[in-house]
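Following this line, the structures themselves.
Next come two complexes, and both contain chain A; in the first it sits with chain B, in the second with chain C.
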Partner chain A sequence: MGVWKFVGRRILLGLVTLWVVSVVVFAATQLLPSDPARAILGRDATEASIKALQEKLGLDRPPVEQYTSWLAGLLTGDPGESFNARVPIGEYIGDRVYNSMFLLVLASVFSIPLSLIIGAYTARKRDRAFDNITSNIMLALASLPEFVVGLFLVLLFATRYWKILPAVTAIGAGGPWEHLDQMILPTATLVLGAVPYIARTARASIIEVNESDYVEMARLKGAPEKTVLWRHAVPNALGPVFQVIALNIAYFAGGVIVVEFLFNYPGIGGALAASVRVRDTPVIQFLAMVLAGVYVLTNMLADLATVFVTPRLRTRLK
Partner chain B sequence: MEPREPRPKIPVLITRRTFLTSASAAALLAACGPGTPSSTTPGGTTGTTQPGGTTTPGPTTTVTGGKAGGILRVGTLGGANDILDGQHIVSKADIARQATGWEPLLNFDPDYNAVNTYALAEEVEVKAADNYVIRLKEGIEFHNGKVVSADDVVYSITRLLDPDSALFGGSALRPILDAGGITKVDDRTVELKLIQGVSTFKDLLCAYTLTIVPDGYTRFEGDVSNQIGTGPFKLTEFEVGVRSVHVRHENYWNAPKPYFDEVHIIDFADADAINNALIADQIDCIADVSPAAVDTITGSGMTILNSSGGGWLSIVMAVDQEPFTDVRVRQAMRLIVDRPQMLDQVMAGYGRVANDLFAPLDPCYLGDEVPQREQNIEEAKRLLAEAGKADLEIDFFAPNDTAGLPEMVTAFSEMAKEAGITVNPVILDGGTYWGDEYLKRTFATDYWGTRSFLAQVAAGSLPTAPYPGDHWPPAGSDFIEKYNAALAETDDAKRCDIQKEMQTELYEEGGLIIPFFQNQLDAFNPRLKGLVERPNTLNLDHYGRGFQELYFEE
Partner chain C sequence: MTIGQVVPAAPSIVKAAWRMWRTRIGALIVLVLVAFALFGRFLAPFGENESLGLPNKANIEGSWLGTGKLGYDVWTRFLYGGRPILVQAVLSTVLALSLGTLVGLVAAYNRRRLDDFLMRAMDVILALPQIILVLVVIAMFGAKAWLVVLAVGLSTVPRIARVVRGAAVAVVERDFVASAEALGESRPRILVSEILPNVIAPLLVEANLRLTYAVGIIGGIGFLGFTSDPGAANWGLMINEHRGVLAAEQPWGTMLPVTAIALLTIATGLIADGVSRAAAGIDRGTAQA
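Coming up: the complex of A and B.
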């Protein structure tokens, strides 16, 4: 089986997954209690005005018809209009998607190299003081919820002890990238949340590889320990690490809702929560699909990357 | 009738702190404060409002050079569900934005008289209880330079009357006015002929959503250029759920106000974040602070604005459903409540004990004249036994999206144990609570803002009311006849007498338990001047009347 065939099969599988997700998402939004028309018009609504709005929003059509027209819209790049804001979804949510992606990239850029370095170093110094201390700190960090870490950082650097950093984001004109100082604390919170997981996986994986025959062989032939680690051990240990990184990136994309609330970051997590509250079905559906897309994409990339760094898997494709 | 306050939108992730903060959001919102009928006497020539009103708006009516300029950053709890419409609101953030750009025909002064300060009418002449003539101030300009005319008034009121538009400001007008009753007299004058006599009509005109928009106005749908009003600031940027920018209206009629060059209104989804932003000096003032956060905020050098209000959380007993058809059971329930303790538990003491009557700012309020009702478990037990309900078991409902109500339900069920009855707290998701079963439950909770007595009766205590939670009045009561008599009565003293009779009935036999009126808590950086602590219907001293009264200390 060729590499491209493998890639193609993965993409196809990804698309099937997304289609299944679209059915589930659509069905789930249909099952939400209370009707969007009623939610929009509020308690002053008359039965007639609710009915008129339902017609306008197409809510009176059979579910299957609603689903197919929604899916067709998604495929042609027209996810519809927000019920609540009454503007096209792209316009309504576009900036927030960019913002979330920006935070995701920032958090990844810092957390991935940092975790790999920590993982490799602790693996090398296994069971020594540094490894023990780092492991315990990371275990503690991993067990703390993000809002605790975030609140602690805010108290420390913004509101109580040293008032040197902004406490929240989205103050001032322009996108978040124009106020990088405001990005420090949210990014740090996410990095502190993600590093323990990736670093511990990297450590375990490298230790396992370190004990393998070929690393033993490299050592025996007299290669310096540094070369053994970075040249022989790390590349082979990356497979599981990629999986953890993929999970973390997907998590950054949508699961950072706590961080968004704490730092008032205008991302999609908060928008999703708000949409559910006001029963803004098109936005809920769109954001759910975006998040599913990110999950499918990162997992697919992680699988591909794993295959490419693992000779055993790579050669099997030939 | 008045429109309903918007439900506070609180984050899905509810911490105890965010939850409490929303209490103030929920309960203290008010469409329109109560009016003082003394200045609104219909049926004669005395009912006009003189320019300038009777009071000065605050301590900042003189201008020094030091006040001008700068950017005010306002934090408010809002989210992706924000909208912008000069005559409509959904969330609390919407109210702050609306206040910058749009103004009503009349306004309440601090004593709750309908006056023309911060308002566009020069006078509203009362020709009869059902006939009013609105005369506009001269030369008031919209943000685009157009002068406000009678056509704009006709359009604005007609727009509010359209039931399909479902505008927040309109539900109070629709029952008493139809489009045929609006007549343009000349460029500055509009005459209104009501469907029925409403002696408190001028109070209705004070509703903050009953504003004047230019002829042809439509709500914000992505384009800021059509968001034209008369207010002190003009919208230039609006990113839904994130931030809006409002710049100074250079030709504002109440010159030299406003003082700031720009006002930025920034949305926050979380109460911790908004407090942190204030403490870290990223914003200058915030609407709604939870009682729990007061110490942190003052400890960081910020100032709390603690305004008394007439907002209340109520325990609602449906008087036409078992067991509350028996007045003795209703009375027993009222005697179970330890009001000071409930105020402490629910509002951390920020408020004042109430006496099961609403509209405390109404001049005819009876609650201070009748004995303060206190907890009396023995008497409650006796009444319950007499009614054959000594071992009553009942479900008591509250929504999870309105802070204070779940706490109230829990506190009540504890107090009820002392009287030997079982009250099961049932806390429902907000969407479910306010859904089809809302107003139909036997034993539930609700929240209200400030209104005058008759307006509150119209909103919640009549069969025709939009929110008749307690299904008042019970069979055999002449409450409705009294209400109609009060509405038609143009003599203040006589109307007051009727209102007091109605309140006596509510005090003795009513279906509501009103344990307290809560305060409105806001916070600001002490550098910001112009905010005054006084009874108010809206946060931040009525948002500094569109922020025109606020300025930075030099």
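Coming up: the complex of A and C.
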């Protein structure tokens, strides 16, 4: 199987996955026991006005037709209107998507290098004191849910001990750039949640590569340690690292929900929790698709990148 | 684990894990917290929904740690609030383990089409972050306790199925499976008595890890404000209700449940780590020492 055939198949699989996810998300939210039109208009609404709104929202059409028009809307950039806010979703969500992306990028900028450094360093000093201490701290951090980590940070830095950082965010018109001090705690929470995973996997894959036959061979033939590291060890350790970076971004796609809620941050995670509370179906459908899309895309890119950077896989596929 | 290696049986894994201090400390903390969560309510000085008057006051006559939302006694609410999280987390993990093991074993043993179909189906479930699946379900039917258990359990199935399949694929190839087939043993029998015992080690590690995450997710769902009975005490919800007064005079409504969830997850994480070290140690043949 050629490399390109693999790439084609992997992309196809990603698309099929997204399509199935869209069916599941649509079917699930469509099973709502309560009638959205009734919910929007309240208890005092007349039957005629409910019927009119049902028609306007397209709720009287058969489910398959509703699904296809919803999917077509998604693909053409018109995901519909929020039941609750009564504005187009793009307008309702636009700033929030940007804010969440900002938070994710900021968290990744810190978490990826930090965890790779910790992973590489602990792999080199394997089973020594530093490795043991960090691995225990990582173990504890990996076990803690995000909201617990976030609350301990709030406890330490924003409320009871050192009151040096804001406990909640209040992002105004200027966007997150103007309020970097408010970004510190949400970012730190996500970083502390993600680093243990990446660092552990990075450490394990570096150790595995270091003990592999080809690195041993390179050492035996007398290559200098620098060449062994950069020519033989690092390229083979990159694949798993890409996988973990993808897992990390995927982790953020779920983690932002609780973290944004905790810090009252105006992003899509907080918006999803709020929409669930008021059963705003179109917004729930859209946000679930966006987050699943991020997840599927990053995993796909990681798989592709892994094939391109890993010498063994590249040659096996040829 | 390569083919032909002696695979450790379940009792030796548990024994080897128990020899490690981290497992013992983890088990001790879990035991204490489980006792609090299940039986604490019998020690509670007040009723679950008994108001002592003023809300969020640190110094209230007769109340050890003061009052929280609606004037409830914080210590009492804490003693009542652990059970829902613990019970739901354990039930969803048990559900996920049984179904995930079944799917993983069937996929590994049957290979080809059924394997492909099952694992692709698992990939699709994995394509959604777990908390989103749970929230979608809550949006549909409300935050009923059994639904949360079902949603968390079912969304955990693919994660367990993958691990079990991965471990079982190598076992399926081995001679004793072929000889059981030659002897005409039934499929379910081969799965349960030939293959299952050989994937116990990774399954035990996974069980503890998944329990840790289930506590986190179910606690988090409560923290977001979704519980089946908004009036009942629940550690996750309790944190949400009291974090607003964290800076003021009454931190206990937040501190107690946050610390309990932190200790619980760290403890189950420690046990998972102990078991996985034991499994790896037996693999290398060092744990017997």
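Here is the rule we use: the second predicted complex is superposed on the first by the 282 of 318 C-alpha atoms of A that agree within 3 Å, B and C clash if a C-alpha of one lies under 4 Å from a C-alpha of the other, contacts with A are read in each partner's own complex, and residues count from 1 in each chain.
By our rule, a contact is a pair of C-beta atoms (placed from the backbone, for glycine too) under 8 Å apart; a residue touches a chain by one contact, two chains touch by 3 or more.
A quick note: this is a predicted structure, and the numbers were derived from the prediction, not measured.
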- Will chain C clash with chain B on chain A after the two structures are superposed, or do they fit? clash
- Query: Looking at the overlay, what does A:Asn84 touch: chain B (first), chain C (second), both, or neither?
  - Reply: first
- Message: Applying the document's definition of touch, where does A:Ala305 land relative to chain B and chain C: first, second, both, or neither?
- Response: neither
- Message: Contact-wise, after the overlay, does A:Leu114 reach chain B, chain C, both or neither (first, second, both, neither)?
- Response: neither
- If you stack the two complexes on chain A, which partner ends up touching A:Leu156: first (chain B), second (chain C), both, or neither? neither
- Of the two partner chains, chain B (first) and chain C (second), which one does A:Val296 touch, if any: first, second, both, or neither? second
- Please work out whether A:Val258 is in contact with chain B alone, chain C alone, both, or neither, and reply first, second, both or neither. both
- Query: Should A:Arg279 be classified as contacting the first partner (chain B), the second (chain C), both, or neither?
  - Reply: both
- Tell me which partner A:Thr17 touches in the superposition: chain B (first), chain C (second), both or neither. second
- Of the partners chain B and chain C, which touch A:Val7 in the superposed model: first, second, both, neither? neither
- Message: To test your reading of the overlay: chain C has the stretches 183-191, 219-227, 255-263 or 273-281, and exactly one clashes with chain B. Name it.
- Response: 219-227
- Message: Please report the chain A residues shared by its interface with chain B and its interface with chain C.
- Response: 33, 151, 154, 158-159, 163, 167, 257-258, 261-262, 273, 275-277, 279
- Message: Considering only the defined contacts, which chain B positions touch chain A in the complex?
- Response: 3-4, 6, 9, 11-13, 73, 79-81, 83, 90, 163-164, 166, 168, 171, 221-222, 237, 239-243, 245, 264, 266-270, 272-274, 276-277, 279-283, 300, 429-432, 434-435, 438, 466-467
- Complex contact set, residues of chain A against chain B: 33-34, 38-39, 41-46, 49, 52, 84-87, 91-92, 95-96, 151, 154, 158-159, 163, 166-168, 170-171, 173, 257-258, 260-264, 266, 270-271, 273-280, 283
- Task: Can you check the complex and tell me which residues of chain C touch chain A?
- Result: 120, 123-124, 127-132, 135-141, 212, 215-217, 219-220, 223-226, 239, 243, 246-247, 251, 254-255, 258, 261-262, 265-266, 268-270, 273
- Contacts from chain A onto chain C in the complex sit at residues 13, 17-18, 20-21, 24-25, 28-29, 31-33, 139-140, 142-148, 151-152, 154-155, 158-160, 163, 167, 250-251, 253-254, 257-258, 261-262, 272-273, 275-277, 279, 281, 284, 288, 291-292, 295-296, 299
